[in-house]
Structure formats: structure tokens, C-alpha cells
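Shared chain: chain A. Partners: chain B in the first complex, chain C in the second.
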Partner chain A sequence: MKDSVISANNLSVAYANQLVLNKVNFSVAQGQIFALLGGNGAGKSTTLKTFLGTLKPQSGSANILGKPVHQHINTSRKQIAYLPESVMLYGHLTAIENIQYFLSLADIKQSVQQIEDALTQVSLQPQAWHNKLSQYSKGMRQKTAIALALLRQAPILFLDEPTSGLDPAAIDEFNQLMSQLAQAGSTIFMVTHDVYGACQVANKIGLLHQGELISLFNAEHNQSIDTETVHKAFVRGIRA
Partner chain B sequence: MSTLLIIAHDEWRYWRRSKLALVTIIISIVMALTSVVLTTISVADENHQRAHLQQQAEQTFVEQPDRHPHRMVHYGHYLFRNSTPLSTIDPGIDSYTGKAIFLEGHRQNSATFSNQQHSSQLTEFGPLSPAFVLQTIAPLLLILIGYSAISRETEAGTLSFLLAQGLSYWQLLLGKVAALFSVNLLVLSPFILGCLLAASHGESSAIIVTFILSYLVYLLVWTLFIVAISALTNSNNSSFAMLICCWLFACLLLPRIAANTTQYLVEQPSKIENDFAVKAKLRELGDGHNSADPAFLQLKANLLAQYQVEKVEDLPVNFRGIVAKNSEAELTKILNTFAKEQMQRELKQSTTNQLFAWLTPALAIRGLSMQLAGTDISSYHKFLREAEQVRYEFVQSLNKAHAEQLNYQTDINRYQDSQALQNARVSANNWQILNNFEFKPFNAEQRLTQSKLALMQLTFWLIILAVFLGLVGRKSQC
Partner chain C sequence: MLISLKDLKREANFLLRQKRIFVLLLITLILTSFALYTGIIEANKQQQSITRLLQADAQEQEIVFNSKNDYGSIAYYNFHLTYLPPSQLAFAAMGNRDTHPWKHRIRMLALEGQIYESDIGHPELAATGHFDFAFVLSVLLPLILILLLHDLFANERAAGRYDLLTVTASSPLKIWVTRALVLTLSLFLTFILPFVVAAVFNQVAISQIILVGLICLAQIIVWAAICFGLAKTNAPAPRLASILLSIWLITAFVIPVVGDAVIEQQITSPNGGDILMVQREAVNDAWDLPPQTTFDAFTQTHPEWKNHTSMNKMFEWKWYYAFQQVGDQQAAELTKAYTEAAKLKYQAANWLSVLSPSIAVQRAMTRIANTDAIASANYQQQVRDFHAELRSFYYPLIFNQVEFDQQQLALLPQFSANSHK
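So, the complex of A and B:
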């Protein structure tokens, strides 16, 4: 487990004594894309928040680069770029201003040119770049947030339902982008309930059901994980 | 450090783009500026007028023709109080104590004139004095500008996103505090100019610096409070409602409750009651205008013995003048006792009132500001005491002239005919008895000593709010 970038070690999390995650174990190596699948309320966002350090584990640990997050919050946060489930950027700022602001808070310097490149990469139409975000659709905000996550140039990406709110073409582009990033060395952890999308990009899929990791799928030799298998397991899990 | 500036800078950008905040900031500055300019002009104008009136009063007195000296005692004289340099910022109780005193024999015209119970009427402070703007209006405007500082981020969800960027909650809180504090500086700048002007009019720099710092601390207390409440509440609405309630309580309700409670605790006899008590006491003295009053028999006997003569007519001094002088001295003793009691009651009211500053910072700054500006009740008492000194000296100088320069026979026969009346006069040279009067407030050291309690109270509030924000910061940290 030494070279795992992201790992959960008997991770249990509770909200006010109610156990939401129960002894979850997995690990993600550098350059891998891990997709955490699960129905509503399975505990996906909870898992993610534990890695971000906004929730403390009841027992076990969530590790970044082998170190428990809750003990090394600041060092691990510096390694992470995070895309929340519903994108929270500032309505009174334009896409470029938003990105500049958040980057400056993270003490990262990027030129306007680099920001525009990133916005192009996530295919946000240039006419909108200088409009205030209060006028954006959900998908456009999502794209802005993805651009920000890319610009953070963090080696690890945490994404909570990144493709919700995107149109099918944008989802395709997004998945391609993730593959490119992973090939360039980024480690990606994404939470989703889009089985198809997950199978398309992920090297590893974890299936979460009522706080327990009921199965793990691995992609073998550059082949993608079989959608049918995952889908069956997913539905069975929900029905069970 | 730079992160704080980035956050503060973004807060300003938000204010610039949100009309409410922008308009409020502009209103604050305009209000601060106009209040300073208007009071500075009116105080300068008043001081100018007062200097003129004082000079005129002295001149009219001195230019009186030859007269009977006791007529001059009743002719009287006016004293005008000039404002302290910082009264341009805080007129304090000046606005209702009146600034002129009529000095005459046998009376202290202002000893019972002032009344601390007026201070409960907010309007008595002058609705737009810079002190009122800073103490009462500025916190309200700060609330309008800053109530959503953190709650806006909580409500929109940007807070957790900010934290996920590696920003610490502390940095966010302090960044917002820095932004709101820069608004304080902006609003304070007209006042600082007013203070510098006061410095150029001779106010000590120790007082000026303490004065400015006190207001800065007061606004900082509100700033910390606003950011803390905004962080504690989960929505803009509840943050706003809570802050407005606290403002109402701290700036409007508590000062009134304090004033009413003080009045209840430290009872003040009504003016009529007091006047009756004084009159009753004075009646025991005898009438100083009537040298035949039995009250002066002893005095007469002593004088006759002293000069070894048989009759009053044979005395080398005018017995009527001696009686006037003696009874003025006795009467003044009584008046001073009453005046002293009255002042002690007023001081007690003011110190009792100041205790309520442990409950609201608004009272801490109110007391502190008046004490530093020299416009509080103890400064006013100093003026009354000095005015009484002037009154007593000028009346007794006239009585001395009465005793020494006017023959007793001429004096008692003055109503026989018009010629006799003409004769019963002394030279106008005797009117040259007035010294130039200029009121000076307590010196810087004395005022700083007087304001020690209020300074402590304000410091107490700063500490409390710093601790409060600290707790909020710790609690909300994940």
C-alpha cells in the first residue's frame, strides 16, 4: 500500500453516532481513476468529505500519500483539487475572476492566457468568460469549476458527481479530459452514479451500499471495466 | 498576511458590485463628513460670538457711570464659556447646559441649572453631532455592510469550497474583519481631520491620540461582533435580524434603561424643592440690605467695640457696606454647600450611569468621549466653580467700595431728595475689577485620569469580542 496515493483503511464515519461508513477499504495508485458508485444516501459524499478533512473518521483512516488526512489537513489539502457536488462559485464574479480569486487564495499563479486555455479545454464558450456567474447555467458553472480544478495543478483530484448537469457531448469531453489527466500522472477520485461514464474512464470502481463497500472492480490491461457486470451488481445491491 | 488582503480585496469588490453596500458606504462617509464640517463651523462661530459677547459684557460693565456700588452688584455681569477644541466632535452635555451665566449678588444662577436626567433623551445630544454618528449610526451602517460577510458564504456554499482550497477558517474570518475595518478607517477619516483641527486649536496630542484610538477600538468591537455573528448564523436573514436586535439593544435601549435606572437609584430633588430649601436656609441669615435687621446686632457690637465708638455713624467705615459684605460671605457659604451637594449628586448619577458601560460598549465610548473632549459633567462643574469664584470676587470688591468709599450718612439719607441720591455714588473707577475670564477644561493628564474607568470598559469590550470571535473560529473549524 506504500505507493497508493489515496487509500481508505478500515474507514468508519458516523454522524451523531449513526454509522454512515462501515470499515471501508480501498486504495488508488498514482495515475489511476477511481470511481465510487452508489445509490442515493450510500455514503459517497461522506467518503469524499472525509478525504477533504471536513469530516473526521470515527475509526480507521482516510490517507493521502500514506498519511491520515485528519492529522495532516493542511499538507494533504495542498495536494488536492476538489470539485463539489453542486458548484459553489461567486455569482458576483465572472468565470475568469472566480478562477483568479480561488487560485490566488491557494497561492497559485496562472496567467490569464492559461486560464483561458483551461476554459477552452473544458469547452466553455468564450462569449461567457466575462459574464458574471449569476447568469450561468448549472453546466456552465460545472465547467468553470472543472477548469479551476485543472488549473490548481494538484496531483490529486476529488470530484463529486462531476458530470451531473452536463449535456452528453460535454460528458464525453469531460471523460476524455480525465483520461488525459490520468495519463499525465494525476490521480483521480470521482463519485458518481453514472455507471456508463464510470466504466468508460475508471481503472477501478468501488460499489458502495449503505455505507459498506460491497464490491471492487479493476480494469485489466488497458481494457475498460464491463458496464454490464457493474450495472448488475449496482442494481442487485440496491434491490438487496 | 497576503491571503487576508486577497480576501479583504474581494470583499471590497463584492461591495462595489452590490448596490446596497456601496450606497451604505457612501452614505456613511457623507454623513461623517457633513457632521464634522457642520459642527466645526457652528462651534467656531459660537466661539467667535462668545469672545465678542464676553468682551462686550466686560466693556458695558466697566463703562457704567458713577453709581451706588450696590446697584452695580445687582447690575451684574455675564460670563461666557468657550468650547473645548474637541467639542467639535463631541459636544457632550454642552448642548443643553447653556453656555452663559449671569453673575450677580446673592444668587448663584446656574448651580441648580444643569440636570443630568436630560442625558437620557438621545436627541439632547444633537442628532447629528459627529460623536452621535460614530457611536450610534456607524455601527448600524457597519451592520448593513457586513452582516453577510460570512453568512453569505455559508448560504451559497462557497464557504466549504473556500475551505477545501486549503484556506483556513481563521484566515477567512480575519480577512473579512480586515475588509470591514478598512471601512471603519474610511468612515473615521473625516473625524480624524476634525481631531487634527482640534489639535491645531491647542488640544494636547495625548488626548487626540487616545480619542481617535478609542473610536477605532469601539468600531473594531462592532466589526468583530458583526463578523462573529455572521459566522455563527447560517443565513443572511438570521444574521441581519440578530445584529439589528443587538444594535437596538446596545445603542438605543440599554442607554435609556441605564439613564432611567440611574435616576431611580440616585434621586435628585426637583428644582422647586431645592430652591425652597435654599430660601429657607437663607432666611435664617437676615436681609443684607437692611442693616437694622436684628441678625446683625452682634456684628454691630463687635465693630463698635473694635473702633471704640458709640454709634454706627461714628464708624470710619460704612456699616451698610460691612453688612452687605458679611452677609454675602455667609450666604455664599450656604449657596456653595447646596451647589456642592447638587454637583455630588450629578457626579454620582454620571458615575452610576457609567457602570452600565459594562453592559454595552456604546455607553463606554459615550462616557469616554465626553471625558476626553472635556464636555462631560465634571468639566461643566469646573466652569460653575470658576464662575462662582469670579462672581464672589466682583461682588465683594463692590461691597468693599461700598464700605470704604461711601459715607454712612450719605448712604442712609440717599432717598431724601434727588440731590441726596446723586451724592450717594462712588466713582466709576471702582468698576475696573474684572479680570479677563477664559474657561479652560481640565488638563490632559487630569482628563486621562478621569476617563480611566471608561478606558478600562472599552478595553474589556475589545477583549470580550476578540475572545468571542476566537470561540466562533474554533467552533466552526472542522
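So, the complex of A and C:
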């Protein structure tokens, strides 16, 4: 797997001796958008947390740029930006202040102009930039978090249920933005249970069921992955 | 992990803009200032009371000196104010000054009754005490710290930011340590700054200001470590708050109250009333006893007056003061038992400090401020010493039946307070 930016090699994770991920294997190349699909309790979040370095594998490894995350946490984290499911940035700060705060934590210096450019890129209206985040909708908060991810200039993005709770227009905007980032060379890993959304944006989909990766789908010739095929596999997996 | 000034400034700017934190710190500042203000008022009131009583005593003494012309009458009618003045630091820790008397107007009668007539059973571990700086420091500081630190991690987890912060920060541990540091430092400042202002205003010695600062710091470090250690677990904020508040309640209230009850039960002590009764009964009974019985008991401790006990009249002052002395002698065993028990109680309370940071802080504060049981015991000893000086002055004049001379009264002992300054 020479070009793989993200890979799982026989990845197994257990909570209190109970196996929640069982020998999962996949790889994601640079510029790919990989969506990990699965129902509740399938092991999506566990996979994500293992790549973020907040969980350790029982066996196997979760790798970023070929290095096991649990052995190279600091170098791995420098390569990634993370967008949590419920993006609750700090309500008492404005969008710009939130971004400045998080960038400062990461020891990254960006000018206000660069921050404003990123907010423009994620289509957050300028009149909202100086409002406190407690006044933002979920979509606006998510745009702010995406702008933060962009400004971190990390080549890899991990997204947790990124379209959950967004209206259709916001989902469309989000998908477009993800495609643009992938085209620009970013590698994107998302976990979701939204089959339709995943097929819209991802060019590689993994189907996780009860801790095991039961199917992998690849988009071919710049075509979207067929929603119906994935949906059938998803339902079949759940009923199996 | 090295925390820079930049890190501290960033977190201070971030945390102090949160309304909840700002309000908590503001309330702390107001409560601390109020506690200091009431402490200063109370200390001033006590000092003014001493000044007023000293003036009244001087006027009364002048009347007695001018109206009486024998030593026995003067010794009987003349009151002497003894007092333990509030130390410079008493405003910060009033301690036992409400339960242990700090002023007695004494005469040359039997002393023990005069000392214990206002005894109300001194609690070794005052459960809450005054709303003074020591109370705020020992009881309220942990509570505010719990409110500030219990959800340090849990709040971020509940808001879904914990992983984002962990993944984003160059050193995740540094965020939490810096935040805890900023919160505890801010709290420290809200406590210590008003105190320093009040202490400078009251001319407290710098060494004492530093000591109080160290006590405050130690209290914050202990509770911050407890809060930080528990907050790191994955428990939700309400559960953490419940656990921490339980620890606070147990250490700040339950241990002092139960400890006091256990100490009172385990260490038996006569109460002041018992001493008073024994001494008064001895004095009252003496009126009905042959004078020689009293003189026999008196001369056992004062053999130098053995040849001066003959009486020419039904009533003579030397007999009267001899049976006052015998009254004290009969109460001596009880007084000794009381003093010994007080020492044991004090030591037992010291051991309890190990279980309760609140007790430890209060005891340390009242020791520095000279307002604790030791200060009270030292004051009682001063009163006894002064009373013994009065007897040493009057006995030769009365037993030798020296002719009255106003000039002699210039040599009358004067009480001198030996307060910690």
C-alpha cells in the first residue's frame, strides 16, 4: 500500500475485554474521500477514535502515513484535522475568536485575513463572523469548524457524522466543499450512517457491521458509487 | 510540558470571559472583602471596648482610692481589667474569641470563679464559626474551587469538544493544566489581594502575611489536586460535582461536628460551672467555720503568715482573703483537670486536622492570629499571674496590719496585656 495515507491493518479494538472491532482492513489513498458506513454500535466511532489516538488497538494498527498512530501520536495528530459530530465550539466566543483560540492551541499562526478567507471559503456569511457562536445554527457552527480544519492545513480530515442535522442545502454545500478539498489533495475519512450522503460524496465506502468490515465499494471512472447497491448491502448486513 | 506566559494569557483571556467563571470569582471577591470588613469592624469594636473599659476602670479606681481608707476595702472594691487584645491579624481569624473570654474584670477575691463564671463549654472544633476570612478560606474556598474545576474535562466531553481539543492541541495535557492553573491562580488572587490590602491597612507583619498566603496556597493546591484527579475520570459533571461536594461536606462540616462530639465524649473534663460551684461553696462555707480552720488550710500554702492569724474582731480582712484563697485551693484539682483536658482536646483536634483540610486551615489561621485555645490558655495564665501579684502586694499590708498610706497604692500592680502584635 505504497500510496495509502490512512490504513487499518488487522485492526482490533476491545472495550473491557469485549471486541468491538475485529481485524478490520482498509486503506485510503491521497485525495480520496472514504466513508465508513454502519448502523448504531457497528464500530464506526471506535475506528475513528483509534485513528485520533484516543483509543489504543488491542492488535493490528491504525496507520497515518504508514505509521501506527498509537506509537506516533504527536506526529500523527499534526497531520490531521478533526470535525466532531456535534460541533459545539465555544458559545461565548465569535467564529474568529474560536478559530484563533484553537489555532493557538495547535501553535499555528494565521492572520485575521487568512481566517476570514477560510470563512469565506466555507461560505459563512461575513455579517456572522463577529457574532458569538451561541447565536449560530448547527450548519454555521459546522462551517466554522471546517474553516478551522482548513486553517490547520492538515492533509488529512477526519469527520464524524458531518451531515447529521444539516438541511439539504447545507449538505449540498458541504459535499461540494469536501470534493474541492479532495481535488486539492486532502484525504478525507468520514464515519456516517447516511448511505445516500456517503454515496454522493465518497469515492470509497466501507461497510462496517458488528465490528467487521463486510464490504468495500470503490467509485470507478469518476462515477458516484451506486446508492442502491450500497443500501442493499447495508440492509443485508444489518439483517444478517 | 512547559507552560509559557503566552499559554497562561490565552487561557486567562478565554476562561475569564465565561460568564459563569467571572460571576463565581466576583462573588468570591465580594464574600472575601465582606468577611475581611466584618472582621476589621469586630476587631476594632473589641479594641474600643478595651479602651472604654480601661477608662472606666481608671475612674472607678480613683473613686475607690478616694473613698476608702484601708487596704482590705480597697482590695475588695477595686476592679482590675485584664484582657487579651485582638492581635493585628485577629480581623482575619476571630477564632475562639466568642467562646473563650478575652476580658475579665477581677478583684482580689477567689479567682477561679471569676475566670470560669462565663464558661459555656468551649467547643474545640467550632463547626462553622464566624464569617471571617479564616471561614471563607477553610470552608468556602474549596466549594468555589469545586464549582470551578469539577467539569474541567466533563464539560468538554459533554459538548463534544474533548476529542477536538485533544487532536488539535500541540500538547493536550498542557491545556488542562494551564486551565486549572489559571482558575486556581485567579481564585488565589481573589482571596489574597483583599487580604493583603486589609493586612497592610492593619499593619500586619510581612512574615504573617506571607504565612497566610502560604496557607491559602496549600489549601488551593490540596483541593485543586482532589478536583483535578477526580475530574480526569470519565464521569459526567453532575456525578463529579456530587462526589466532590460530598467530600467537601464531610471534611468541612461532618468531621468537625462529629470530631467535636467524639472529643467531648472521650476526654472527660469538669466544666467551668463545676469549678465555680466548688470555689463558691468553699467560700460560703467558710463564713460558718471557725476562722482557725480557714487559717490552717491557708497557711499550708502560705506558711509565712502562720504567726499572723490571730483575730481581734469578728471580721477581719485577713480572714476574709484567707478563705478566698482557700476557695481557690479547693478548686485547684478541678482547675488542673480542666486545663489538662483542654490540652488533650487541643491535641486530639490537631490529629483531626489530618482528616480535614478545613480544620487544618482554621487552626493554622487562629494560631497565627493568636485567637485559638492556646491564646486563651495563655491569657488565663496571665490573669492568674496578675492575681498572684495582687495577693503578693496586699497580703503583707493586710496580714502585717500596716497603717494605711495612699502612697502605697502607687505600687499596686497593673495588668499588662502581652498580646501578639
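Note that the second predicted complex is superposed on the first by the 239 of 240 C-alpha atoms of A that agree within 3 Å, B and C clash if a C-alpha of one lies under 4 Å from a C-alpha of the other, contacts with A are read in each partner's own complex, and residues count from 1 in each chain.
The definition used in the following text is that a residue touches a chain if its C-beta (ideal position, glycine included) is under 8 Å from a C-beta of that chain, and two chains touch if they have at least 3 such contacts.
Model, not experiment: these values are computed from the prediction.
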item: Fit-or-clash call for chain B and chain C when the two complexes are aligned on chain A; value: clash
item: Chain B versus chain C as contact partner of A:55, first or second or both or neither; value: first
item: Which superposed partner A:109 touches (first chain B, second chain C, both, neither); value: neither
item: Contacts of A:88 with chain B and chain C, given as first, second, both or neither; value: both
item: Touching partner for A:77 - first (chain B), second (chain C), both, neither; value: both
item: Partner chain(s) touched by A:101 [first = chain B, second = chain C, both, neither]; value: both
item: Segment of chain C that clashes with chain B, given the candidates 258-266, 276-284 or 366-374; value: 366-374
item: Intersection of the chain A residues that touch chain B with those that touch chain C; value: 52-54, 74, 77, 80, 82, 84, 86, 88-90, 92-93, 101-102, 104-107
item: Touching residues on chain A, where the partner in the complex is chain C; value: 49, 52-54, 74, 77, 80-90, 92-93, 101-102, 104-107, 145, 148, 152, 158
item: Residues of chain C that touch chain A when the two form their complex; value: 10, 14, 17-19, 159-161, 163-170, 175
item: Parts of chain A lying in touch with chain B, wherever the complex brings them together; value: 52-56, 74, 77-78, 80, 82, 84, 86, 88-93, 97, 101-102, 104-107
item: Residue ranges of chain B in contact with chain A within the complex; value: 3, 6-7, 10, 13-14, 17-18, 156-158, 160-168, 478
